[in-house]
Amino acid sequence: MITALILGPILGGLLLFALPRTADAAARACGVVLALAALVVTLTGSTLPDESIAWLQRPFIANYHVGLGQGLGFWLVALLNLCTMCAIAVIKVPRVRDFTALMLLLEGSMAGVFLARDLLVFALFWDLMLLPVFLVLIGWCGHATAAWKYLIYNVLGGLTLLLATAAFGIAAGTTDVIGHGPIPVLTPTWAAWIFAGFAFAFLVKTPVWPFHGWMPETYVELPAPMVALVSGIQSKAGLYGFLVIAWVLFAEQMHAMVPVFGSLAVIGLVYGGCMALVQSDIKRVVAYSSLSHLGLILLAIMSGQPLALQGAIVYMLAHGLFNVALFLGLGFVEVREGTRVLSRLGGLGVSNPRLAGALIFAALAALGLPGLGGFSGELLILTGLYQAGDYWQTIVALLVIIVAAAYMLRLFQGTMQGPVSDDLPQRPDLSAVEVLALIPLAAMIVLLGVNPSVLSSGVEPSNAVIHALPLQKERA
Amino acid sequence: MLFWFLAVALIASAVAVVTAAKPVYSVIALLAHFVTLAVVYVSLSAEFLAVTQILVYSGAILILFLFVIALLSSGVDSFEVGPDRLPKLPMPALFALVITLVAIVFSAAHAFAHVLPVITPTSQLAVGSAAAFGSVATFGAMLFTSQLLPFEITALILMVAVIGVVVLAGDHATLTPPDHERLRAIRRREREAILREGEAS
Amino acid sequence: MLHHAVGISAHYPLLLATWLLPLAGALLLWSTGPRIQAKGAVLGTTVLGAAFVTALLSIPDALRAADGYVGAQQPLVTWLPGMSLGLLLDPLSLLWTLVITGVGFLIHVYSIGYLAGDRAIARFFAYLNFFVFAMLTLVLSDNFLGLLVGWGLVGLASYFLIGFWFEKPSAVAASRKAFVINVAGDVGIMLAIFILFAQLGTLSYGGVFAHVAQLSPSTLLAVCLFLFVGCAAKSAQVPLHTWLPDAMEGPTPVSALIHAATMVTAGVYLIARCHPLWDASPDARAFVGVVGAITALVGAILGLGQWDIKRILAYSTMSQIGYMIMGVGVGAYQAGVLHFFAHAFFKAQLFLGAGIIIHALGDEQDIRRMGGLARKMPFALLAMLTGTLAICGIFPFSGFFSKDAILYGVLEHGHPYLYFIGVLTAAITAYYMFRMLFVVFAGQARTPASVGEHAGHAHHAPAWLMQLPVALLIVPTIGIGWLAIGGEQSPWARFFEPIFGASLQPLARLGMSEATSSLVVTSVVLLGIATAFFVYATPQALRNAPERLQREGQRMPGMLTHAFYFDDALDGLFVQPTRALGRFCAATVERDVLDGGVHDITVGARWLGHFFRSFQTGFVRAYALVLALGVAAFAAYYVLVGVTR
Amino acid sequence: MAVGELSNYVTLSAVLFFLGVAGVILRRNPLVMLMGVELMLNASNLALVAFSRAWGSMVGHIFAFLVITVAAAEAAIGLAIIVVVFHRSARVDVDDVTILKG
Amino acid sequence: MITAAALQHAITAADWEALRPIIWIAGGALAVLLFDLCLPRGAHRISSVLLGVTSLVWAGGFLVRNYHTPYAAFGGAFLSDGFSVVFQGAIVLATLLSLLFVYTFEERISSAGAVALLLWAASGAMLMTGAGNLLILFLGLELLSLALYALCGMASRRAAREAALKYLLLSSMASAVMLYGMVLLFGVTGSVNFSAFLAPPPGNPLYLVALGLFYVGVAFKLGLVPFHIWMPDVFEGAPLPVTAFMSVATKAGMLAVLARIIYVATPAGLANKVLLPIWVVAALSMIIGNLAALSQSNLKRLLAYSGIGQIGYIVAAFAGATALGLRYALFYLLAYLFMTLGAFAVIAALSDQADEGARLVSYAGLAHRRPMLAAAMSFFLIGLAGLPPTVGFMGKLLLLSSVLNAGYISLAVLLIVGTAISIYAYAKIIRVMYAPMRHEVVAGAMSATWPLPWIAIAICSVAVLGLGLYPLVPSAVLPLVK
C-alpha cells in the first residue's frame, strides 16, 4: 500500500498522456483526484507495516524498503500530497497535461524520498526529484540559464549522494538502515568522507547559504504550482536528510560540524532576510525569505535540543504550507498582472479582495503572526535554542523576525495596496476553484498555530534521533 | 658478415621506399626490400616463408600497387601532392619514433643477454630436406593439425577482403549524380527552412 | 480532531462568549461583508453590544474568590508541559474587558454615523470586531504565551485599521511602520518568555509569580526590561513612539478606540499584571518610572508644536500614557490603573468630539483653518470642553483625582524628581489643550467658505448617532474620579485589594499630604490655562488670529516640527543599514561570488571541451602523430618500470 | 651463413618497423603510407622468424604466414578505398581529406 | 623443436561445437549473399535483414548452450568459457540491433553486402572474445577491422569514404604496433598462449615494452583517450548501422581481450605496476571524453565522445582485477549497449534518404513534433547520464561500489566528476528538444520511418527500464585458465 503512495502518482502521471493534448481541465481533475487519493492513503495509513523486497546482495545488502510510520516522514508526505492537490488544481500554463504529469512525477519521487527506509532507495528518488523540475525549467521557461544553474548544483549534490551511498554500502555492508536496525559503526576516515557526501547533498537541496546559487532563478522561472512544491516540500527533503540520516548515522561527525553548519544557518538567516528586503521581483522576495526560514530550521536541527527539534518539525510543516500558499498567491498575481516587478504592481486589492485576503493571510503566517503556524514553530525553536544556550543565535533570529515583518508587508502592500496603477489590466478576482485550493492550506496553518501539539502525538522525529542527540548540550 | 650486408640492404631499401620522390620508385625499392628479406628468411632456415614472400608479397601485392598507381595517375601530369599543411609535424614525429626505438633496442639488448638461447647454427642438412628445422613438411603438418583454426580464419579474412572490395568499388555506373543530387538538395533546403526556426529559438 | 485540539470544557460560558463573540462577528463580516454592506455596521455593533452585556454579567465570576484564587479560570489548549493557553478573569482583566467592550460599543455606534456611505464599511466593522477580540485575548489570557498571541493580533488589528483607506500611500506606510514597531515589541516579550521558560519551565502567571524568588536579580531585571520593551512599543513610550502620530492616518473612531482607549494601554496592563516581578526588582521600577516621566514630558512638548487636531490629541495620549506608565512603574498600581480608566473615557470623548468637528468641516483636520465653531457647533464645544477639563485635572472631573493620585503616589514611592516633571507636564498639557480649544472655538471662522456649507448637509446619517455616544461618555468623564475618594476604603481600593493588596506599601510619611499636592497641581494647571488664554484668546489676539498663527507656524523650532528627530534616528539606525546590507549582498555576494563562481565553472568546462576538441584537426597524419606519441609514452613508461624493478 | 646475435635481428626489425611508421606519418601520399604499413608488417615478420629460429618452434612461421595473408587482404581493401576516395580528385594527398573534424 | 604432443592434439567435435555460434554467423553471411543473387531486386533489403537476424538468433541459442559447457577448444586457442560467452552474447545483441538500422543505407548500396560484412565483423569480434592465444586474437582483430574498413565506406557521401580511409590508415598502423607487441611477447616467452605470459622471465624489460605496445593496440580499439583520436571522425562519417555496431561490438570484443589479459595473463607481482597506464588512460577518457562532448552539434559525434567516457567507466571497473569488478563491468557493458543503441535507434527513426537525423539542428523542438521519439531519446540520454529510473543509475552505482571495494578511491571520484560533466552535455540535447518553439511547428508527416528502428527503440527502452529496477548480473564469468 505504501508503494502505491510512490508509484501511484508516477504511473498516474504517465497515464495522463493517454488524454488528448488539449484536455486541460480533465488533466487537472485527474491530477487532483490522484493527489487526493494519495492524501487519504497517507492519513489512514500511519499504521501500515513497512514493505521490503530484496534488491541487491552482491556488493552490499540493499532492499527496496519503504515505510510510513508515525514520525516526521508521515507528516511530510501528508503535507506533500495536500500541497500537490492544491497546486495542481490551479495550474494555468501552456500544455497543462504534460505539466500535470511532471507535477505528479515530482510528487511521487518526493514521496519516495520521505518513505525510503533504505539509503539506496533514498538516493534513487533523490536523483529522480531532479528530473521533473529540470524538464519544466527547459520546457516552460524562456531562457535556460535557470535550468543550467539548477542542474549544476543539484547534479553535483545527487552524485555525491550516490558516491556516499555506495561507499556506505561497501563500508557498512548494508544500506537498509534509515530509521531502524542497529547503527553501523564505520571507520573514522570512511565515515568522515561519507558524511561529507551526504552533508553536501543535503546542503544543496535545502538551499543553505553558500550553496543556494540555483535557488533564486529557479524559484523565479518555474511556474507557480511547481515552485510551490519545490520550495515548500523539496527543501524539506534536505532537512529531513539532516534529521533522519545525518544525526542518526553520523552523530559524531555531526557534532563536529555543528558549529560550521550552525554559522552557515545564521548567515543564511540574516542574508535571506536582508536580501528579501531589497528585491524588486515578488517571487525573489519569497525565495530569499524561504532561504531565511530554512536557515532558522537548520539552526534548530543543529542545536540538537529536543524542544528545538520539535519546533523545527512544526515550523517545517508550517513553512511548507505558507510557502505554497504564498507562491500560489503570487502565481495568481503574475497571471493577472503579467508582470512580477514590484514597482509596476500595486492596487490590486481593490479589484481582487479575495486574492488580497489570501495573500495577506499567507504573508502573516510567513512573518510569524502569533496564532498562525509560523509563530508556534518559531517560538518552540527559539525557546529550544535559548534553552540549549545559543543566546546570540536566538537574538539574531529575533531581529530577523522584525525584518521579516518589514519585507513581507512590503511585498503585500506593494502588490495589493497603494494607488491603483491604471496601466495594469483589471482581471477578475479568484475563481471558486482557486479559493477552494487555498482553504485547506489556510485551515492547516491555523490548526498548527492554535495547537502545534496536535502533531506531537507522532511528532518526535524518531526515537533514534532523540537518543542519539545529547539531551543537554554541555556548554564549554 | 652476411647478416650485416643484408641488414644494410634492408635499411637502405626501406629508406628508399619512404623517401622516394615518385610512388613508382618506392614500389621498386619495396621489391628490393622484399627480395632481401627472402634471403634473410633463408639464412634463418625458413624456406617456406622465403618462397611465400617472393610469390605472394612481391608478386601479388606490389603488382596491385602498380595497377593502382597507373589507375590514379591516369591524368596527364604525374602524381602531384598538395602543399604541406602540417609543417610542424616532422619534429615531434621523429622525437616519438626515436624514443620508442631506443626503448625497444635498449630493452632488447638487455633481454636476451642471459635468458634466451643464442641462435645456434642449423644442422648440416641440405636446404629443403624434410627433417631440417624450418622445412615445409613440418610447417604444413603444423598448419593443418594444431594450428588449423587460424588457417580457417585466414580463409574467412580473404573472402571478407574480396567482398569488401567489390562492395566498396561497387558499380558506380548506375550512379547518375546529377538528378540524384538535385533531388536531395531540394529536399534538404525545405527542411532547413523549418529547422532554422528551431535553431534560432 | 478539532475537539482534541481545542479541548474546550465549558466551565464559564459567559467568559467564553465575551471572548469569542467579537471573533465570530469579525469572521461573519469578513466573509459576507461585500454583500451586506451597510447592514454590516449594525451587525457589528449588535455583536459588540452582546459582548458588553456578557462582560457585565460575568462580573460576579470575576470577583468570586475560589480555592485561594480570585476570578474565573478557563483552560483551553496545552502545547507542551510548560506551555498552555487558558483564560483568566479577575478584577484587573475585568476592568480592561469592560472598558474595551463598553467604549468599543459606543465607538461602534459612533462609527455607524461617521463612516456612513463608505463602500467598505462592512470590512471596517469586521476589523473593529477583530480588534476587540484580539484585545480581549491579550487581556483575558492566563499566561505569557496567550499575552504574546494577543499582543501580535492587536498589532495586526491596528495595522488593518490604520491602513483602512489603503489607496492613500501615507496610510499604507503608516500602517507598515506601526506593525513593524509592534513586532519589535513582540520580539522583546518573546525574549522575556524564553528566559522565564528556561529558568522556571512554566509560562502561566500563577506559576511564574509563585517562583519569582528563584530568579536571580539580574535575570529578573532582564525579564522586566524585555517586557518593558514590549510595553514601550505598544504604549508608544519614548524611543518607540514614532508610530502613534502617523497612526492618525486611520479613521477617527479607530484613533478613539485603539490609539486612545485600549490598545496603547496594553503596556500599563502588562506591568500591572506582572506587578510581583516589578515589586521584586527596584531598579526596573526606577527605569520604567523615568521612561514614563520622559515620555510624558516629551509628549506634552511635542503637543505644543502641532496644527493637526488629531496629532495634538495623539501626543496628548502619548503624554497621558507616560503618566500611567510612570505611576504603575514606580509601584502606584491603583493610581496608574485609575488614570487609565479615566483617560479611556475622556480621551475617547475628545477624539469623538474632534471626529464630529472633522466630519462637519468635510475632513478638515488643520486647526488653523478652523475657528469660531463655538456658535455653530455647541454640542462639540460641550464635549471638547468637558474632555479638556478632565485631561487637565480640574476638580470635579476624573482627571483631577487620577492624575493627582499618580503624582502623589510617585511622591510617596520616593521619586521627587519625577513628581516635579509630572507637575511641569501637567502645566504644559493644560497650555496646549486650551490652545487647541481657543484656536478652534474662539474668534472668527477661518474655514474657507466652500467647506462650510458643504459640511452642513453632508450628514445623511442621523446626527444623534454620533452625538449620543459622546454624550454618554461625558458621564464617566465626570463620575469616575469619585470612585477613588476615601483613600484605603474607597470602592476603587477595595475593588483592587485582592490583586494589589500584597504589593508594597508607600515608603515614608511625607512632608505634605495628598490634599496639598493636589492644590499645587491645580494651581500650576490654572497658570497654564491662563497663559494659553493670554496668548490665544484675548480680543486683539482673536482679531489678527490668521496672521499670528501663520507667524507662529514659521517660527516653530526645527526640533518640534521633526519631533526631536526620533523618526529619522530610528530610520537611520535600523532601517537603512539593513537595506544597505541587503543591497551589498545582492550586488557583491550574489552576483560576483555565487553567480560568478558558477559562470566561471561553466565557461571553464566549455573552454576545456573546445581545447580537447581542437585536437581533432581532421588531418590523418596528425592523428597518426598522436598515436605515435601515445606509443612513445607507453614504451617509455614500461622501459622505466622494467629498469627500476 | 654467419648467424648474428638474436638481439641484432630484433634491433634490425625495430629499425625497419619505425621506418615504416615514419613512412606513414611523414609522407602525404596514401600509397606510400600503405607501403609504410607493409614495411611495419614485414618488420614484425622478420622478428617472428628470428624468434622462432631462436626458440626452435614453428609457431612463429605460422604467425608470419598469417601476417602475410592479412597484409595482402589489407592492401587489397586499402587500395580499393584509396581508389574510391581519390579517383576523381586532381591531387592524391591525404591532407585534402579533412571534412570530418572538430 | 616442437614436441610431437603438440602436433597430436586431435581436433574433436567438441572443438567445433565451441565455435558453432561463430560458424553459424559466418555461414549466415554467406547465405545472405546467396539469397541476394536469386531474389528479385525489390526484396533485397528485407530478405538480407531477416536472414541476418535469424542466423544471429540461432547463434544466440548455441551461445546459451555453450554458457553451461566451458571448453578450451583447439588446444587452448579458443576458450569458450562463461566469460567469453557473455561477451559474445553482447556482440550478437549489438549486431542484431545494428541490423535493424540497415534501412538507413541508401538504395544504391547493396544491403546484402553490408549485412554480410556486418555479420563477418561480428564473428571477428566474437573470435577475439574467445581468443586463447595471440594468433586467434590477431586474426579476429584483423577480420573485424577489415570488415569495418569496407563497411565505413558504404555511402555515397564523401564523408563516409573519408572516414573509411582514416579508419584504414590509423587502424592498420595500430594493428601493426599491436602485432609488433605480440611478436616481442612471443619472442620473450617463446609461446603464443596467454597462459604462458603468467610467468615471464625475471628482470626482462623487453617483456614489459612488448606488453606496452600490446596495450596500445587495445587502447586504440577501445578508444581510450590518447588513442581515441580517430573515433569521433569515423563515427560521424560512417553510415549509421556501422557506427552503432562499432560503438558497441568492437569495444565489447576488445574489452574481452583486455579482461582476458588482466584476469588471466598478468603476473600477480607486476599487476599494479603493469596495469597502471590502463587505469590512468581510463581516468583520462572519463574526463576528456565527457568534456569534449559538451559542445557538439552532431549527435553521432556526441555519442562517440560519450562512448569514450562510458568505456572509461567500464575499464575503471576492472581496476584491482576483482571478480566483482568484472561482473559489474559486464553489467554496465550491457547497460551501455542498450542505452547507446537505443539512442542510435532514435537517430535511425529520424533519418531518411536525404540525410541522417544526426544533426542536432534537426532535433530542435522535436518534442512538439514527435513527442514519442523525443521522450525515447531523452530516456536513453538520461540513462547514459546515470539518472535514476534507468539501468544507467544502477550500473553506475554498482561500478562505484566495485571500484571503491577495490580501493581505487580516486577513480571513483573521477567517475563522479565525469558523470557530472556528461549530465550537462546530455541535458543540452534534451533542452534543444524540449525548448518551447516560437510558433507551434505542425507535426511533419511521419516520414517513412520503417518499423525496424521502432522495434529497436522498444527493445532498448524495456531493457533500460527493466534492468534498472532489477539488475540481472551474470555470475559465472571468471575466465577459464587453461
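A, B, C, D and E label the chains in the order they appear, each numbered from 1.
In this section, a residue touches a chain if its C-beta (ideal position, glycine included) is under 8 Å from a C-beta of that chain, and two chains touch if they have at least 3 such contacts.
These numbers were taken from a predicted model, which means no experiment stands behind them.
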item	value
Components of the interchain contact network lacking subunit D	one piece
Contact-graph separation of subunit A and subunit D, given in steps at minimum	2
Chain nearest the overall Cα centroid	A
Chain separated most widely from subunit E, comparing mean CA positions	C
Of all other chains, the one whose Cα centre sits farthest from subunit D	C
Distance between chain centroids, defined by C-alpha means - subunit B, subunit C (Å)	100
Length of the line joining the C-alpha centres of subunit A and subunit C, rounded to whole Å	36
Centroid distance [mean C-alpha coordinates] between subunit E and subunit B, Å	26
Junction residues of subunit E, two or more chains touched	1-2, 135, 139, 142, 146, 149-150, 153, 164-166, 169, 173, 177, 184, 187, 204-209, 232-233, 424, 435-436
Subunit B residues counted as touching two or more neighbouring chains	85-86, 89, 93, 97, 100, 103-104, 106-108, 111-112, 116, 133, 138, 142, 147, 150, 154, 157, 160-161, 164-165, 168
Touching two or more other chains - residues of subunit C	602, 613, 616, 618-621, 624-625, 628-629, 631, 635, 638-639, 642
All chain pairs that touch each other	A-C, A-E, B-C, B-D, B-E, C-D, C-E, D-E
Footprint of subunit A on subunit E - complex, ascending	324, 327-328, 367, 382, 386-389, 393, 396-398, 400-402, 404-405, 412-413, 416, 419-420, 423-424, 427, 430-431, 434-436, 470-471, 473
Subunit E to subunit B touching residues, read off their complex	1-2, 6-9, 11, 19, 26, 33, 73-75, 77-78, 108-110, 113-114, 116-117, 120, 123, 127, 135-136, 139-140, 142-143, 146-147, 149-151, 153-154, 156, 164, 184, 187-188, 201, 204-209, 353-355, 361-365, 432, 435-439, 441, 444
Touch list for subunit E against partner subunit C, complex	165-166, 169-170, 173-174, 177, 203-209, 211-213, 215-216, 219-220, 226-227, 229-230, 232-233, 270, 273-274, 277, 288, 291-295, 421, 424
Residues of subunit B that touch subunit C when the two form their complex	85-86, 89, 92-93, 95-97, 99-100, 103-104, 106-107
Partner subunit B, residues of subunit D touching it in the complex	1-12, 14-16, 18-23, 25-29, 31-32, 34-36, 38-39, 42, 45-46, 49-50, 52-56, 58-59, 61-62, 64-66, 68-77, 79-84, 86-87, 90-93, 95-96
